[in-house]
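Once you scroll down, you'll see the structures, which are given as structure tokens.
Okay, so chain A shows up in both of these, paired with chain B first and chain C after.
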Partner chain A sequence: MKRLHFYIIILLTWSMLPFIWQLYTSFCSQEALISPLRTIDNRWTLDNYLRIINADPPFWKYLLNSLVVGTSATLITLIISIPAAYSLTRLKSAFAKSMQLLLLAAALFPYVLLFLALLELARNLNLGNNLLALSIPYSALSTPLAVLLLSSAFRDIPKDLEEAAILDGLNTWQRLKWVLIPLITPSSASTAILVFVFSWNEYPIALTWISRSELITLPVAISRIAGSSVYSVPYGTYAAASVLGSIPLLLIVLIFQKQIISGLTQGAIKG
Partner chain B sequence: MIFLFAPAALFLILVFVLPLIRYCWISVHALSVITNLEMIPNYGANWIRLYNDQRFWQDSFQTIRFTVTSVSLEILFAIAIALLLDQRWRGRGVVRALTILPWALPTTVMALGWRWIFNTPHGPIEQIISLLGFESINILSNPNIAWIATVIGDVWKTTPFIALILLAGLQSIPNDLYEAFRLEGGSSRQALFNITIPLLKQYLLIGILFRTAQAFGVFDLIQIMTGGGPASSTESLALYAYLNAMRFLDFGYSATIMLGSFILLVFSCLLAWLIFNQIKKIQL
Partner chain C sequence: MTLILKNLNRIINNQWIIRDLSFEVLNGECLALLGPSGCGKSSTLRLIAGLDKPTGGSIYIDQLDITSISASDRKIGMVFQSYALYPHLSVLKNLTLGLKARKLPDSEQKNKVWSVLSIMQLEDFAERKPSELSGGQRQRVALARALLREPNVYLLDEPMSNLDAQLREELRPELRRLILSGGQPVVYVTHDQEEAMAMASRIAVLNNGSLEQIGTPKELYSKPLSLFVAKFIGRPQINILNNQSNEIVAIRPEDINLQEGGINCKLVHQEWLGKNQLWQLQSDYGLIRMLNESDIDVPENITIGWQSTKEHHFSLKTGKRIN
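Let's turn to the complex of A and B:
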């Protein structure tokens, strides 16, 4: 039992210590930053927080931007992926198998390598500097994994249920709406959360598609604080921004822990 | 039925198929500020340049080194974490949630945090080293070891992802198997290598696949933590392609680098798979 506790403490230290250091840094005054382990008089300050809250645009704007992109990307992904996943389970097995392999390949693809072509797309279709447009590549990039997760959920529904619905005279659309989609709610929820977290965190596309500072998303805003001057990075401000920026996701992880885990888990069983 | 799949197919063509075709097309053209952003066919000159580009090969080496080291360490740690989280103890749910946190937060949130932690001379690591009276290691300014700092940042962030997948695998193994093994006189260490790891194989494979592909495309972490430096020793292929497009405004060559990286990734995966199969044959 003692050894178990020891391991748990190591695990928690490893995962949490960098965060705790950020938290500590965010409350440190400029002089305190350069001598972190020595005792000095005016160590504690709220200046870092005040600076980013009073900045223009204020910090909550970035959170709002990320929320808008994340929510719309999640909705689009679900609307596109649920019918696709259903059709995959009803198509001939050879076709469905090869489709599944392609989807897996797409889900694995390091999407960073696509940024240049996507940037051209944004320029040609005039989608730059538009938050809602940003959710198009996000949902398209999330579709492969979403279809894989949802089709495995559809496959778990007993065939009899759908046959009964056909006997009752429901067409495909009604079957999906009244019978099948309610049954896959747990999987839809965990897929939605994974897509939301991806969109919330995405960096290279957000960086290249959006340049107007009142429209940038949280990850880009944080990296801009970092890059605002080359020689002296304002670590205190950055730490405060990253603490504030972490709170929404911290809440999401604590509340939706089960859904996140089951989303990842289904992904594993699928393969 | 097929029409239900059509919107998704359209999406996938838009973001996966068209870009790759477009890259093939751009990569045989000169397209940069020098050509006034006009496409001028240059018949493979980009590819010859890529072949002779030392920086491309150095970045390939760096990207592969980063991927192999990070993924191996992540697998080892993830097995340990999954085994720990699989046992029953009080507060397990909270600890599990806290463990996922590094994975769930944006890379940009901690990338600079790591730069601060490794900072010389004000970061905590250097401070502790100097308190203990050792010489400064100055990790982020030393081209030979700076990449290890980026590996630490990556391992910290993505180990929870594999750990959770492995945890799911562990929970699918029936307890009876372990009891039977114990009754036959097997030790718990033998159980680990004879039952747990073999039955986890599928989950390990999925974890390795996903992480290898992601680590190969590493971008955010490197761009913010080191900017590719010192002396471009930590620069990844994705960052090099990004710099060519956004800083040198040479889109033709940038597309060539991305295609080249993609070919390299497929080639490395095939090679790894062949080696893996060869090892399996030897064991039999």
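Let's turn to the complex of A and C:
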């Protein structure tokens, strides 16, 4: 047990330290950051946060932008991926198998290579400076992985369950709605979080598709925070912005936590 | 209602899963499909349910050919081996789902579900999830779901296999009462010959996808048409005598008696079964199992015999019965 605790503490430190450091930085004055060991009268400050919140346009505007893009990207991805994953697991043809390989390849493709082409598309289709349009490439890029994750969830549902539903007289849509989709809730929730986090953090496409400052998303907004001169980097302000930007993600994970952890398929079969 | 299977075939990857299977199950009759695992009994059930498509042949309910009707329209009440209850729904919702799909009015849904719950003595468990029920309760929920389907045919796929031996015996009469009172044909799949004899009015023994024999439990026991059936029905298993003739001679352990001047045997093993005891005897005919009353004590060397009319003869080549 002792040993296990030790490993857990190391792991937690490893993953939490950057966040804790960020938190620390966000509450420090500029002088305190430069000389961390010296005693300074006004080491702790809320200035960084005040500066962000009082900026124009205010910070919550960017949070809202990211929230809009993230939510719509996640919804679009799930609406496309759930039926796709279901049919891929039910089709037994060679076509379905090769589609699955193709999806895997697409999921592994480094998306940064696409962003110039995407920019051209946005320009030709007039999709620039449109928040909802930004969720199109986001969901397109997330769909391959989402389909793969969800199809393994569908595959894990015992075959008997769907057959029982067929004999109960449920049609395909009813089976999906009443039996299968509720059963894959844990996987849908974790898939949704992955998609949301991706769009929350995405930078190159957001940077190139959106130029109007009241429409930019969080990562772009953070990168635009600049000090008074090129020689000073406002670390404290960056940190405060990152902390504020992480809070919605933390909230979402906390809300979905139960769905992710709960073993919904327990008791489905056998005594 | 009568269920009729006519020359049913199913071939997967050039292998016969079901071969030329024909039988009838009458109104209110329970037919057991019996056989070792992989003999095609569950596959037959899936064909009747419409979950799989036959390669050839047809299935009728009365005069109606249902071979090409989809599974959800066949009105089949099936109890799965795993019970296949919806794990995310309460017992009540598990049972309501099928009625909801058929768009019955809410009040009617409620009435039907609660009346079945009371038949099954499940009222107290209506709000529980399947994971919070015991094996026997789950089986009752699965059965309740089949009843609510108001089916033309009941199909039961090893419904007892998840229950312990004692509960199984307790539930047999109840299960018979519940499903046979409706007057529909019942097909009952099992690999347990004892259960088949207890539940069914007729038994169909399957081997490698074909029908070996169909008949009442008594017929199968007293006049097995093949060596396979003779070996499968009756416990302890029938003795096959090593007599080096051109046919197989078999005799049931319970038909053997102690007989003066009979075959010389040496007692090698003794099992006490309560009313009876089972002896393993070494003789010129090979190892012989013999069933006897348990209060007899015998020396190591005994002589045994049987009436020749009790012998079963089978062809050495085909394993079929010779009379």
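Rule of thumb we're sticking to: the second predicted complex is superposed on the first by the 220 of 271 C-alpha atoms of A that agree within 3 Å, B and C clash if a C-alpha of one lies under 4 Å from a C-alpha of the other, contacts with A are read in each partner's own complex, and residues count from 1 in each chain.
Operating definition for what follows: contacts are C-beta pairs under 8 Å (C-beta built on N, C-alpha and C of every residue); 3 or more make two chains touch, one makes a residue touch a chain.
Worth saying up front: this structure is predicted, and the values here are computed from it rather than measured.
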Checklist line | If touched residues of chain A are counted for chain B and for chain C, the larger one | finding: B
Note to self: Which partner chains sit in contact with A:G70 here, chain B, chain C, both or neither? Use first/second/both/neither.
What the structure shows: neither
Note to self: Applying the document's definition of touch, where does A:E163 land relative to chain B and chain C: first, second, both, or neither?
What the structure shows: second
Check: First (chain B), second (chain C), both or neither: which does A:Y111 touch?
Finding: first
Next item on the list: Figure out whether A:L141 sits in contact with chain B (first) or chain C (second), or with both, or with neither.
Entry: first
Margin query: Touch test for A:S223: chain B only (first), chain C only (second), both, or neither?
Written below: first
Notebook entry, point to check: Residue overlap on chain A between the chain B contact set and the chain C contact set?
Noted result: 264-265, 267-269, 271
Check: Given the complex with chain C, which residues does chain A contribute to the contact?
Finding: 158, 160-161, 163-171, 174, 178-179, 182-183, 264-271
Checklist line | Residues on chain A engaged by chain B in the complex (per definition of touch) | finding: 4, 7-8, 11-12, 14-16, 18-19, 21-22, 25, 33-37, 80-81, 83-84, 86-88, 90-91, 99, 106, 108-121, 137, 139-141, 143-144, 147, 172, 197, 200-201, 203-204, 208, 218-220, 222-223, 226, 233, 235, 238-239, 242, 245-246, 249-250, 252-254, 257, 260-261, 264-265, 267-269, 271
Checklist line | Partner chain A, residues of chain B touching it in the complex | finding: 1-5, 7-9, 11-12, 14-16, 18-20, 22-23, 80-81, 84, 87, 89, 93, 95-102, 104-117, 119, 122-124, 127-128, 131, 156, 160-161, 164-165, 167-169, 172, 202-203, 205-207, 209-210, 213-214, 216-217, 219-220, 223-224, 238, 241-242, 245-246, 251, 254-255, 258, 261-262, 265
Check: In their shared complex, at which residues does chain C touch chain A?
Finding: 49, 51, 71-74, 76-78, 80-88, 97-98, 100-102, 129-135, 138, 145, 149, 162-163
